[in-house]
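The following pair of complexes shares a single chain, chain A, combined with chain B in the former and chain C in the latter.
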Partner chain A sequence: MHKCTEVIIIGGGIIGAATAYYLALQGIKVVVLEKSDNIGDGGSSRNGGGVRQSGRDPRELPLAMYGVQNIWPTLSDELGMDVEYVKEGNLRLGKTEQHLNILRNLTKRCVDLGLDVRMIEAQEAREICPYLSDEVIGASWCPTDGHANPLLATLAFYRKARALGTEFITGENVLEIKKIKGRARQVITANGIYEGETIILAAGYDSRKILGTVGLDVPMTKISLEVLVTEAQPKMFGQMLGTAMADFYGHQSKHGSFVFGGSSGFEDTNKNNGTPITASITAPCICRGIMKYFPLLKDVKIVRTWAGWADISADKIPVISPVEEVPGLIVACGFTGHGFGIAPTVGLLVAQLASGVKPVLDLAEFRYDRFKAKI
Partner chain B sequence: MKRYDLIVVGAGPAGLSAAVEAAKYGLKVVVFDENANPGGQLFKQVHKFFGSKEHKAKIRGFRIGSQLLEEANNLGVEVVLNATVAGLFQDKEITVRIKDSIQHYKGDAILVATGAAENMVPFKGWTLPGVIGAGAAQTMMNLHGVVPGQKILMLGSGNVGLVVSYQLLQAGCEVVALVDAAPKIGGYGVHAAKLARTGVPFYLSHTIIKAEGTDCVTGVTIAEVDKTWKTIPGTAKSLAVDTICLAVGLSPMAQLLKMAGCIMEDNPKKGGQVPVCNAYGETSLRGVFVAGDVSGVEEASSAMIEGRIAGIAAAEYLGYIDKAVLTEVAEALESALSSLRQGMFAVENRGKNIEKTDEGYVVSQHLLKKGYFQDAEVEKYPGVTRQPGVHAVIECSQNIPCNPCQDACPRHCIKIGDKITSLPVVDETANCSGCGMCVAACSGQAIFLVNEGYEAGYASITIPYEFLPLPGEGDRGWALDRGGSKVCAAEVVKVQTAPVFDHTSLLTIKVPVAMAMKARFFKEDNCHA
Partner chain C sequence: MHNVNNRSRDIGEFVPAEDDELLICRCEEITKGEIRRAIHDGMFTLTEIRRYLRTGMGLCQGQTCGKLVKEIAARELGLVLSELGNASSRVPMRPIEMKVFGNEKEPGENA
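Moving on, here comes the complex of A and B:
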């Protein structure tokens, strides 16, 4: 099998699907190759749905703000499918003075870059969200943050890209990128060869071994993060929630379920059996965390828990970069567990890189070759 | 953290069978079940099971449950009830909710036998009180002694829909209609025939449009569907019912296995998403086994065998027995299992249009659409003969894995042979004594004793009867034909009950001889008949 196209995207997650959409809008022929049998099988369908600017690394913040200002509010209309985007703010909660110090630092960082985020007292926090426990003594508040449904958002980009002519091929495990006459040109899979003018690598942690086939590396680790979802509850609040200590984060979804993510503290050292599976200690730990802030939820039943891999880059922000030494190759990986909210922006930027347009935002911080030894 | 050799999740037929086998070989076994009573669905199965002796055929399900539980207790298996297994994690760790706490346990082997859940089908009004699963109706009736309603519509003509409809009749409810969107009855013909002869109407190629009522179900609208499942305009009809039972299939409850990281497959023939497993029920995770409906929806008889195989395999995995023992024992069990999976209703035949039996007899389309044979059709089957004097008439026309009738006859009048799915043949050279053992032994209630020379102008017909109150000798009423229509007046001339019949009474009625091959049910009416 030998197939030619203009752009090949490796990875059918939300980054790949969004990039495909923005390329297809320009009439560019795209083939997306996905290893698993399902689109969005990785982090794209396994995250907590935050569309958050506050608390972001300052290098990443412009991407988040661009998305909130220019893409997310109209995305459902644009893609013709409700992605359940809700822009009712983000509360990051604190219970101790030490917590508040952490929040103040995070807040200052973002304010300096022009984000509307501020510290608020417990009383104001409770006016925004009346269900907080008495233990909460303050919070940071970013009114323009929000959340969306990651499964629907991924699906919406996928469907629209397909409708515009993009071809998605699942069950296609990429083994190698092959240079032909000095340019990245071929993508070799177990089933055959795909040939394209441009190759975009957006395969999460698996990008690493594919990069190795053209002599490149992005330092990343892979950790398993967990989410739980509750039975549907009457509508309580619309904010995205987090805490200074990152005990948990989450929101109430459109149909009433709460979706909460969190950790046990052993994420770096957890073992796995090759599939992203939950650990016995994590969901209980998340629940203990939640109940300190929302005691009202103590009797709510959990209907499901799940886990997913996050590709953690060495400096905790992604690589979004053309690779000059392998002309024709663009890399978008290492999203470090906070890629969902910026995915539409990243899709737009990568599509601009691939189509030779100057990206609307500066991508210098996201170079693939930025990782240097410490001395 | 407490540790066991084998943790079994689910105390149903598969789980208990596995626990029993494993305990026999010395494993320390615990069984967790979320219900207040063990047995899974077995204790609400009041009908006689199909199969052969090794499958506990002609024994009622709840008795099989009691036997299994007793065996488990005798072997020291710990059965923990009201204990919901909430998670299956790496290293064969489980979390169990017991009362208000979550306990962690580890097993050197795990067997998941969580069974299946009833499917629902949404239609307008489906959330009204009065719309329930057929299994739920069965639980109410047979475990709690409460009838779910008075006038019932059953949706689904698979064995669950048919068996539960019959049990609803036994509980004194009226089954107003049995509805299925498919053009043919999905379950055993003998189960359908049991209903049809009491007068239950079958509506094949029909579906529910809506449940009527504001606070609870007060009626239902059904309509005919075409070959593409679209409703045909002008065919809607309204029926007065207070309960709508849904018997539209089961889905394996395999979430724990998916959660543990087992390789799963979507397999419509198995009822949905199931773990991939080997012949011993071992999943892609070493030492994690499955048995019963969770690994593919079948029925309790096969679940018990699968459970036994998995229990023995767990014993081998943990070094309690040699591989050679496992191979030998499993081989025998697998052959018992494969005999249950033969015939027209075997998984590989699902959805196929089978027009002839293995023996070449034409399958009655009338039976598949209306639930009963036309008079002319029935006499061509090998169990139906016309003889002078009393003899068995076996109205069994489908290749199903069942043979108790062959063993029941002390005079060897009935032959099935070694192939358990063959149609029973009545041997006209053998001499029927009229003992009725076959009538009571037939789990499908498809055997009748007919004596066309009972007395001048009259024949006697002995029918299996499982309703209360039991008519008495001398009682009068109507003989109903296979479709449930009154065909003549009838008088009860004999009523037999015996422990060996296990609550299937034999009712002998006297009818004009011309009705000998028509009358198949009795409806008491001492005033008019």
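Moving on, here comes the complex of A and C:
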């Protein structure tokens, strides 16, 4: 099999699907190749749904702010289905003076870049979210943060791009990118060869192996993160929540269930049997974390838990960059567990790179060749 | 198992049916018609249908409707059941309160 197109995207997650959508809007022919059987089966469907600006690395913050200002508010209308975007703010909670210091530092560096985020006392935090425990002594508060449904947002980009003519092929495991006359041109899979004028690599951690086939590397590792979902409850609060110590994070979904991610401390060393699996110690640990902040939730039932891999780059921000040594290749990977909220912005930027338009935001910080040895 | 699955392949038009109002997922109140429409929106796997509609995401976690959804999807996609695979089952086996799930104290220890 041999198939020609304008743009090939490797990776059918939210980055790939959003990029495909913005390219399809311009009438560009796109083929998306996804290794797994399902669209958005990696981090795209396995995250806490945060559409958060506060707490971001200053280099990444402009991408988050752009999305909140220009894309997320109208995304459901644009894509023709509800992605459950809620903009009711983000509370990052602290229980000790040490926590508050962490929060003050995170807050300061975002304020310096023009984000509306500030430290608040426990009383004000409780006015915003009345269910907080007495242990909470302060928080950072960003009123323009929010959350969305990652399952629906990913599938919404896919559905719309597909309706606009993008060809999505799942179960296509990419083995190699091959250069022809110095340019990235062919994508070799287990079943055949695809040819494109531009190749976009957005395959999460697996991008590393594929990049290796053209002699490049992005230093990253992967860790498994776990999330639990409760039975539906009457609406209690609309904020996105986090803590200074990252004990847990999450929100109440439109459906009423709470979706809380968290960690056990063993993320770097969790078992890897080829598929992300939950460890028996993690969800109970997340439960204990949640109950310290929200004692009222102690009787709420957990119906489901799941795990997912996050691709952690060496300096904790993604690579979003054309590759000079391999003209025609664009890389978007290493989102480090906070890619969902910026995914629509990234899709737009990568589509601009691929169609030869100057990206609406500067991408200099996200170059693939920024990683230098320590001496 | 990874089958190459082209999402632009022609599965025909959505044809309304008399039993489209039939409730299939009782926990989340999803009808047969909604499931069939989701497939025509591009949701070609049980996992995608589940994420799109919430079938099998309620209290019973698909233990009641899982088989029905699979049969509807297979027929709509023109596949045999074995080609469709299964949706993932997830911990815990049945809904469990946070205070119970989070309690790892031995009997006699102070909770």
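By our rule, the second predicted complex is superposed on the first by the 375 of 375 C-alpha atoms of A that agree within 3 Å, B and C clash if a C-alpha of one lies under 4 Å from a C-alpha of the other, contacts with A are read in each partner's own complex, and residues count from 1 in each chain.
Assume contacts are C-beta pairs under 8 Å (C-beta built on N, C-alpha and C of every residue); 3 or more make two chains touch, one makes a residue touch a chain.
Model, not experiment: these values are computed from the prediction.
Q: Contacts for A:305 in the overlay, against chain B (first) and chain C (second): which applies, first, second, both or neither?
A: In the superposition, A:305 contacts both chain B and chain C.
Q: Tell me which partner A:362 touches in the superposition: chain B (first), chain C (second), both or neither.
A: Once the two structures are laid over each other on A, A:362 reaches no partner at all.
Q: Looking at the overlay, does A:217 come into contact with chain B only (first), chain C only (second), both, or neither?
A: neither
Q: Identify the partner contact of A:324: answer first if only chain B is touched, second if only chain C is, both if each is, neither if none is.
A: A:324 contacts neither chain B nor chain C.
Q: Who wins on chain A residues touched, chain B or chain C?
A: Looking at chain A, the partner in contact with more of its residues is C.
Q: Could you say whether A:278 touches chain B, chain C, both of them, or neither, answering first, second, both or neither?
A: A:278 contacts both chain B and chain C.
Q: From the superposed pair, tell me which chain A residues show up as contacts to chain B and also as contacts to chain C.
A: 278, 280, 283-284, 304-305
Q: Spell out the part of chain A that touches chain B in their complex, as residue ranges.
A: Where chain A meets chain B, its residues are 271-275, 277-280, 283-284, 304-305.
Q: Please give the residue numbers of chain B that touch chain A in the complex, ascending.
A: Residues 87, 89-90, 93, 95, 102, 104, 255, 259-261, 285.
Q: In the complex, go through chain C and note every residue touching chain A.
A: On the chain C side, the touching residues are 1-8, 41-45, 47-48, 51-52, 54, 57-59, 61, 85, 88, 90-92, 95-99, 101-104.
Q: What part of chain A is in contact with chain C in the complex they form?
A: Counting only chain A, the residues touching chain C are 35-41, 45, 151-152, 155, 158-159, 162-163, 167-173, 191, 230-232, 255, 278, 280, 283-288, 290-291, 297-306.
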